[in-house]
Every structure is written in structure tokens, then in C-alpha cells.
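Each of the two complexes below includes chain A, the first together with chain B, the second together with chain C.
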Partner chain A sequence: MAHISFENVSKSYSTLNVIRDINLDIHDGEMLILVGPSGCGKSTLLRMIAGLESVSSGAIRIDDRVVNDLDPRDRDIAMVFQSYALYPHKTVLENITFGLRMRRMAGDEILRRAKQASMALGLDAYLDRYPRQLSGGQRQRVAMGRALVREPKAFLFDEPLSNLDAQLRVQMRMEIRALQQKLGVTSVYVTHDQIEAMTMGDKIAVMNRGGIEQIGTPLDIYDRPANEFVATFIGSPMINLLDAEVRGDGRSAVTPGGLVLPTGTAALSPGEKVRIGIRPEHVRLGDDGAPGIVEAVEQTGLDTLVLVRTSGTAMRVLIRERRYMERGQKVLLSLPPADMHVFSSDTGARR
Partner chain B sequence: MTTGAYPAANRRRTDYGMLYVAPTVLLLILLLYGPAVSGFWQSLFRLDGADAGAFVGLDVYGKVLAEPGFGKVVLSTTLFVVGSVIGTVGLGLAIALYVNSLEEATARILQIGVIIPWAISSVVGALLFRWFYMSDLGLFQGMLRGFGLPAFDPMSTQAGAMTALILSAVWKKLGFAVILLLSGLKAIPHDYYEAARIDGAGAFARFREITVPMLTGPLLISSVVLGIADLNTVELPLIVTGGGPLDSTTTVALSIYQKAFSQYDLQRAITLAIITFLVNIVLVGLYVRSVRGQSE
Partner chain C sequence: MSAAMSRKLRSRLSLIAFSAFILIFNLGPILWGILGSLRPREEIMRFPPQPLPSSLSLEHYAAIAESGFLGAARNSLIYAAITVVVALVAGSIAAYALDRLRFAGKAVVMFLVIAGIPLASGAAALIVPSYLYMTSLGLSDTPWVLPLVYIAYNLPTAVWVLKGALGGLSRELDEAAAIDGAGRLRTLFEILLPLCKPAIGAAALFCFVGAWNEFVAGSVLVDNPDLRPVQVSIYQNMGYFGRDWGPLLAAATLAILPIIAAFLVFGRLLIAGLTKGAVKG
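Take a look at the complex of A and B:
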């Protein structure tokens, strides 16, 4: 167990900055999720912790020791790869114990740990099989087992579930989280899947173009996105974003189409250009409010997603129940002031 | 997958398929194996002399195998084939590993460098080596003089001639081994090495635990292919050493050539050729097995 910290960490290939000035603290036993669109640098950042990528400037510390120039094997971390990276010519047992053999651990200790890990992961029946004889889920478990037996200071996960089908992914998501909490090992988990990010992490760092846009608990980030990027990246279905101009009272804004939106408590100056975000589940269809027309209806069985056109803008509305609606139906939309997110049009930052 | 697993309709389709390719397969068999079969048939009869045409069965085979020169030919062939295969594959692996660690552009130039000898006609290549070792004017002598070493003609000793012959074979076929092994190296996913680095494996452990086992297929295949080529090459021993001194570099292929075209002893030449053919079949069997092992 360990804490990991980043201090002004950057990485560049000649003129291209792939990681920009990262400051980040991961506490002992915490699970941090690095989430962002592809190419945002999240995998690179993870590989920098592992020592597979060099650091151009700044310092990465594991337990207060700067590890910038430390070889991967001396960092005492274990990593689960997206491809699992299981050695095809070695059996499950040989794969799991490879790291221990390389560290010249005593034979009976290796066996004890392998037994323990394979029990925990339900692999005991497959120890003499080869990776090619296993299903995707079993391979994933072997990759986990290889990390587990090492009993490292930290686990690093690089999109470990992206090769699994949806059902298995949900199951493994819970198992990994449960295991991590049971062992209390500091973990960093990279994903582009915001549901994984929301459900698995103690903390989430949302990344974009090599930098961190926001760090916080999952619900914090969901409820108070620091900027437009975070607001659109986290949350499904996606948040509604409307261009608007603050009205004279400073407490509401109006869209070019004439829709008046409350702006809540943000201190705004009249005439300021803003973008107003409102999550689909916060828009209410009720007895009063702005008139709109239903343009499309999607039923998931559990809830209903409705696309409503009002004052020239399309608005996603999520109703947390099954409701039968039709195209062309007239509805009234109400927008609670407390659920409005106001962002600056210029910088995208939260106002 | 066995054909038994196919439903009947599919099996009928396979049968039709066989019918369609049959003419080509027959023609190929005739062209590829016709000469060997006809050669074997002829080797069972007396080819010349007063009783030409008389059936002698496997008599000549017994004689050829029992001749005192035969053991020596087998020995020098084995030395030549094993030596040049080990040399080519060993050096080829070293170069492939080095090239694999280089950047794209540099790697390409080096690759072209090692392929050129392979692309050169083998007679031209062999002549180059003969001139290289030539006793007075050769580059080799010049190099010895340049380093202040005493003059030494490798062709005058048995070990020297064999080494010179093996070196020429290694030089000639190195490019082939490098390309094959390099493509094998490139096929090993980078993740394996990264996982091993994190797992604590040093450079040598990574080579032993990942590179070697994952390169078994290409190593086997290149060894067998090179072995077959070396076994059957006539032009290298013929031109580089001429089989000497004292027949110490006369390989079986050169021996067949000499018997047929210098001594006009077609009877022994054809018998020896059939024996060599059988050895080739064994090597091809090995090749097929290693290719199959590779795809599994």
C-alpha cells in the first residue's frame, strides 16, 4: 500500500505535449479513475506511473520516493493490461507465478500465493491450461491473478474490461472493485467508459488533451462539473447545453430562440454570454413551463428518453419511468433553478 | 478440424472441390515427382557396360553405402550443413535482434544490406569468395598483410577450407534468416515485454522467457529451410573450394555432380541422388511439422 503523487508532471515528444502539468494525489488504499476520450493521455499517465514511459519534467512519487528514473521492476507495482498480455506459451499457473519467480521467491511461498489468488479468482480448476484454452473472462482473471500474487504497493489497470462483452463487464466491474476494497491496495484505473468511472472510483480525474480537467468524487463531478467538457463527458444521456445571454436581472438568461432559463445562484453580470447546462433527468414535463413538441421517443424499458423541441432548441428529457408519448405531442417543460449549470461561453469554465 | 465434423452437404462440396483441382495437382505431381520416380526406377538397372539394362535391384545402393569414400562425404556434408545452419541462424538472430531495436529508417538500410548477398546469383557469390581467398592476390591475403599477420592460405588445410566454405554459405543466406527471424520478432506483442519488465524480468530473462519460446517456430523453420538448401547446393563447394583439399569439402551434392559430369559414372550418381532425395524428404517432413506447430 502506498500513496502516489504527481508534481507538475509533463511529458512531450519534441514539440508535442502529451501530458501537461499534472498535479495529483492518490491516497493510501484509494482507487482513482483516470477517464477521458481516446488520446487524452490517460494511458500515458498510467504508464508513467509504471515506468514504461519517461517523464519529461516534474516528479512522480510513490510513498514520497521520486521514481522518475526507477526501473519498472523496482517500483513494486503491478499492472493489468488491456490485452491482458498473458504469455501464450505458459500455463495459467506459470503466468500467475512469473513475477514471483523473477523475484526469486521461495518455491513454497510462490505456491501458497498462487493458491490463494486462484481461489480468490475462481481459477483453481484452470491452473494447467494455456491462455488460448480460456474464455475472455477467464483470461481477464488470470491477468488479475498475476497482479494479485505480487502483493504490490499499487495496482494499475489499463482499460482491463474493454475486451469483454457488456454483461461480463458489469460483473467484473463489481468484482474488481470488491477485491480492491477488500485488499485496500492503492489503485489507478484507466477507462474511457464513464459508467465504469462513476461506479468504480473513490475519486475520478477527468482528462482532456493531456491535462486534468477536474478531480473529485464521482457524485461531486456529476453534480458540479467544473467546466463544459466535464459536464458533457460525464453523464449519459448527455447534458443539454444551450447558448444564452444573461438578462438584466442577473438571475436568468435567454436563448436566441427566446427561451428563458433560470440561472440559479451564480453571480452573473447582465449581457454576459453563457452556456447553460441541464441534465436530461432534471427537466420536468408538467402542468406549467415552456411549451414544447415531442420530436422523438426512446424507450429502454426502464425509463423513457424524449427529445423535445422548444423555442427553436432541441432538449433531451429523461423520465425515470415508463411513459407512453407520441411524436408531435405538446408538452410543458419546467427547469428547476437549482439544477442549472452555468458555464462561461468564452472559457467553458463553471460560473 | 476433421472432415467428419462437416455435414453431408459440405462434404459433397469438398469432394467436388477435389475434382476441380485434380488436373493441376496431377500435373504438379508428375512434374515434381516424375523425375524422382523415373530416377529410382533407372537406378534398379545396370546403366552401362556389357550387361547394360540388366536388373540389379538395390545392389548399387549397397555398394555406394559401403564404399570407403561415402563416410567421408557424409561427414563433410554434415559438418557443412550443421555448421552453416548454426552460423546463419545464430548470426541471423543476432542481427535480427539488433535491427529490431533500431529505428525504422536505420533498420531498413541494414535490412537491405544483409539481403543483397541473398539476391546475388549463387555462382557470382561463390566466385567472389573464391577470389577473396585466392592465394596471392586475394583480399583475404591483403587483409592479413594489412594487420601484419603471416600469410596463410585457408584452402591449403582441411579445417580452413571447410571454414571458408561455411562462411561463404553463411554470407549468402544470412539475409533470408534475418528477414524470417525479424518478422517473427515483430510478431511478438510489445505488451509481453512490458508486462515482464513490471514483473521484474531483466533483459536476459525477457529474452529467455519470451523471445526464445515465441520465436521457436521461425527458428525451426529457418533452420530446416536452410538445411535443405545447404544440403543441395552444388555451386558453393564446386566454386569456392572445388571439394578439396583431399575431398574434405566434397559434400554429397558436389559428389553427385562430380560422379555424373566428371567421372561419367551415372550409375553411382543416380543412386547417391536418390539417397539424398530420401534425406530431403525427412527434412521436408520436419519443415511441415514445424510449420504446423507454428500455426497451432
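Take a look at the complex of A and C:
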């Protein structure tokens, strides 16, 4: 168990800056999710914790010890790779215990831990098999087992579920989270899947282009995105973003098409150019409000996603129930002021 | 039978016939040699030739056993074994460095390795410098000289073959091993090389056959009959027995056996890799 911190950490490959001035604290026992679009530097950041990538500047600390120049094996961390990186010529048992053997642990302690981990992961029946004789889900568990037996200071996960089918993914993400909470081991979990991000972490760090856009609890980030990027990246279906200009009263804004949007509590000056974000589930279809016309309807079985055109803009509306609607149907949209997110048009930052 | 099927059958038959022809063409001389080595002396050069010997005799084998052939064969086996072991160990370490590490002058080293490959087959070009070099080191006509030279000849091929195989293995294996606490050598020998069995088999075959079949260096760098390798011994039998083809054929037959054995041993690695090597995540 450990506390991991980044202080002004940067990384570049020759002229390419892939990690830009990161400051980050991961507390003891916490599970931090690194989420962001592909190529934003999540894996690089994770691999810097592991010692698989060098640090160009700044300091990474594990338990207040600077580890910048420490070999991976001396950092006492375990990692689960996206490809699992199991040793193909070793059995499940050998895969799981290799790290313990390398650390010259006594044979009976190795066996005890292997047994414990394989019980926890439901692998006991497969200990003599080779990775190629296992299903994807089982391989994933072996990769987990290899990390578990080490009883390391921290777990690092690099998109460990992305090779599994959707059902297994849901199951594994619950199992991983439960295991992490039971063991209380500090963990960093990389994913580009925002559902995983929302459901698995104590904290989320949203990354973009090598920097961290926002850190916070999942609901924090969902309810108060720090900027346009975070607002659009987190949340599915995607948030509606509308260009608008603040009206004379300073409490509402109007789109070029003439749609008037309340802006809630943000302190805005008249004439300011803003972008208003409103999540699809916050738009209500009701008895009054702005008139619109249904353009498309998607039924998921659980809920209904409707695309409504109003005052020249298309708005995604999510209805938390099954609703039968038709293209061309006339509806009225109401927009509760409390659920509006206002971003500066220039910087994208929250106002 | 439809026209398409009969056409298919015909093309398959002609393929079989062609393969059989190639096989006989290639194996014919070897078979003739083996049969010849077992014929009574007076039948070997008889015209017209008889397909099968009238009786089998081991007299030629007895003759070469007395002529020092077995000692030479044992020498060559030892030379070849040392060559295989050292070339594989040194070659895999070099291949690892060339594939996985970054160091100054890597491109130059790699170029030299590649440039060294053809020298293994055209060793005659190297014989004068090799002789001068080994003599100046005081190594010529010692037990060490031939293994050393054979290792030098065959190492580039081993490095090249092994580097190709290592290059095909995911870096994540190295990284997983590093996190598990394995050092570089441990990673190489316990994680990576077991996954390169086909390449190891191929490299071992090259080295073994190269060392076993080598003639020029073997005839120049050692004088002592006790150090003589097998190919030189066969050649000298030619002079020793005059026009006596029987012992020569017997020696040549025996000289093929280790190569067949090497194929059986190392070839198994090759095949193993072909059938079950692809263990993708």
C-alpha cells in the first residue's frame, strides 16, 4: 500500500511532448482512473509509474521516495497489461508464481499465495494449463493473479478489459473493483471507456493531449465538468453543446437560431460569447417550453433517445422510459436552469 | 468423373511424379554410395553396374575403423558440439542486445554481423588471414583452434536467425518479466528463448552442419592427426586407400549420419515451432 505522487512530471520523445507538466496525488488505498481519448498519454503515464518509461522532467514519488531512476523490479508494483502478456510457455501456476520466484520467496509461501489468489479468481482448476488453452476471460484472470500474489504496494492496470466481450467486461469490472476495495491496495486504472471510469474509481483523472483536464470523484466530474472537453468526453449519450450569447439580463443566453437558454447561477456579463452544455437526460419533453420537431428516435429497450430540432439546432434528449414517438412529431422542450453548464467560448473553461 | 475433377487429379499426379523425380535425383547418389559401401570390393566398379549388391559386407567399415576415421569423427563431433553450444549462447545474448537494447554503434555492429554471414559458407577466402592470426596467437595445431574458428564462422548466422525470432516477440513480455523482477539475462533465457525454439533449432542446425562439413580450415589449421576433423580424414583416406572406393564410400556414409541425427534432434524444434508456436494473446 502506498501513496503515489507526480510533481511537474513531463515526458517527451525527442520533440514530441506526450506528457505535459502533470501534478497528481494518489492516496493510499485509493483507486484512480486515468481516462481519456486514445493517444492522450494514459499508458505512458502509467508506464512511468511502473518504471517502463523514463521521466523527462519532474519527480514521481512512491511513499515519498523519488523513483525516477529506480528499476521496475525495485518499485514493488504489479501491472496488468492490455494484452495480458502472459508467458505462453509457462503454465498458469508458473505464470502466477514467476514474480515470487524471482524474489526468492520460500516455496511454501509461494504455494500458499498462489492457492489464495487462484481461489479468489476461480483459477484453481486451471493451474496446469497453458495460456493458449484458456479463454480470454481466464487469461485475464491469470494476469490478475500474477499481480495479486505479489501483494505489491500498488496495482497498475492498462485497459485490462478491452479484449473481453461486453458481458464479461461488466462482470470483471465489478470483480476488480470489489477485490481492490477488499485488499485496499492503491491502484491506477487506465481506460478509454467512460463507463469503466465512472463505475470503478474513487477518483477520475480526465486526460487530454498529455495533460490532466480535471481530477475528481466520478459524480463530481459528471455534475461539474471543468471544461468543454471533460463535458463532452464524460457522459453518454454525449452532452448537447450550443453556441450562444449572454442576454441583457445576464441570466440567460440566446443561440443564433433564437433559442433562449437559462444560464443558472453563473456570473455572466451581457454580450459574452458562451457555449451552453446540457446533458440529454436533463432536457424534458413536457407541456410547455421551446417547440421542436422529432427527427430521429432510438429505442434501447431501457430508455429512449430522441433527436429534436428546435430553433435550428439539433438536441439530443434522453427519456428514462420507453416512449413511442414518430419522426415529425411536434414536442415542447423545457430546459431546467440548474442543469445548464456554461463554458467560455474562448477557453472552453467552465464559467 | 467430371472434367474438373479429372483435371485436378491429373495435375496432382504430375506433381507427385515431379516430386518423385526430384527425390530420386537427389537421393540417388546417396543411396548408391550407401549400397556401394556395403558391396564386396570387386563389385563396386563393375560395368554394367548391378542395382543391388550380391552380398553385403562390412569389410570397408572395418578398414576405415583402423585408419583413424573414428577418431576424426569423434573430434568433429566435439568441435561441432562446442560450436553449437557457444554460438547459441553467445548468439542469443548478442541477438538480444541488437534487438532489445539501445547502444552507440548498433547499426555498424548489425552491418558487420550481416556481412559475416556469407563468410560462413565461403570460408576458403578467410583461410590465409585465419592461419596467420591463429599462428600469431600460438593457437594453430591446438585443440582450441578449430572450435574457435567454427564459432567465428557460424556466429553471424546464429545471431541473425535469433535476432529475427526475438524481434517477433512482444516487448510486453520483457516488461512483464521486468516488473516480475527478472533481470535481462533471466528474461532472455527463461522467458524469450523458450519461445524461439524454431529459430534455435535452425541456428543449431546451421552451426552443426557448418562445423561438421568444414574442410578448408580443418586441413590447414591443424597438423596433428589426433586433432584432425572428419572431412579431412575422409579426404586423406582417398589418398591412403588409392583407388579403393569401398572405404571412401563407407567413410562418406558414416559422415552423413550425424547430419541426419542433427536434423532429427534440431529439426524437431523447427517443426514444434511450426505447429504450435503461434500462441497469441
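Criterion: the second predicted complex is superposed on the first by the 351 of 351 C-alpha atoms of A that agree within 3 Å, B and C clash if a C-alpha of one lies under 4 Å from a C-alpha of the other, contacts with A are read in each partner's own complex, and residues count from 1 in each chain.
Here, a residue touches a chain if its C-beta (ideal position, glycine included) is under 8 Å from a C-beta of that chain, and two chains touch if they have at least 3 such contacts.
Small disclaimer: the values here were computed from a predicted structure and weren't measured.
Trainee: For the three-chain model obtained by superposing on chain A, do chain B and chain C clash or fit?
Mentor: clash
Trainee: Output check: A:R139 vs chain B and chain C. Expected answer is one of first, second, both, neither. What do you get?
Mentor: Once the two structures are laid over each other on A, A:R139 reaches chain C alone.
Trainee: Please indicate which partner A:P131 is in contact with in the superposed arrangement: first for chain B, second for chain C, both, or neither.
Mentor: A:P131 contacts chain C only, not chain B.
Trainee: With the two complexes superposed on chain A, say which partner A:H89 touches: chain B (first), chain C (second), both, or neither.
Mentor: In the superposed model, A:H89 contacts both chain B and chain C.
Trainee: Spot which of chain B and chain C makes contact with more residues of chain A, would you?
Mentor: After superposing on chain A, more of chain A is contacted by C.
Trainee: Thinking of the overlay built on chain A, is A:A50 touched by chain B (first), by chain C (second), by both, or by neither?
Mentor: Both partners.
Trainee: Tell me which partner A:P72 touches in the superposition: chain B (first), chain C (second), both or neither.
Mentor: both
Trainee: In the overlay, answer first, second, both or neither for which of chain B and chain C A:R103 touches.
Mentor: It touches chain B and chain C both.
Trainee: If you lay the two complexes on top of each other, which residues of chain A touch chain B in one and chain C in the other?
Mentor: Chain A residues touching both partners: 50-52, 71-73, 77-79, 81, 83, 85, 87-89, 98-99, 102-103, 146, 150.
Trainee: Report the residues of chain B in contact with chain A in the complex, numbered from low to high.
Mentor: Touching chain A: residues 189, 191-192, 194-202, 205, 209-210, 213-214 of chain B.
Trainee: Which of the residues in chain A end up touching chain B in this complex?
Mentor: It is residues 50-52, 71-73, 77-79, 81, 83, 85, 87-89, 98-99, 102-103, 146, 150 of chain A that touch chain B.
Trainee: If we count contacts the way the header does, which residues on chain C are in touch with chain A in the complex?
Mentor: My answer: residues 170, 172-173, 175-183, 186, 191, 194-195, 276, 279, 281.
Trainee: Touching residues of chain A toward chain C in the complex: what are they?
Mentor: 47, 50-52, 71-73, 77-79, 81, 83-89, 98-99, 102-103, 130-132, 139, 146, 150, 163
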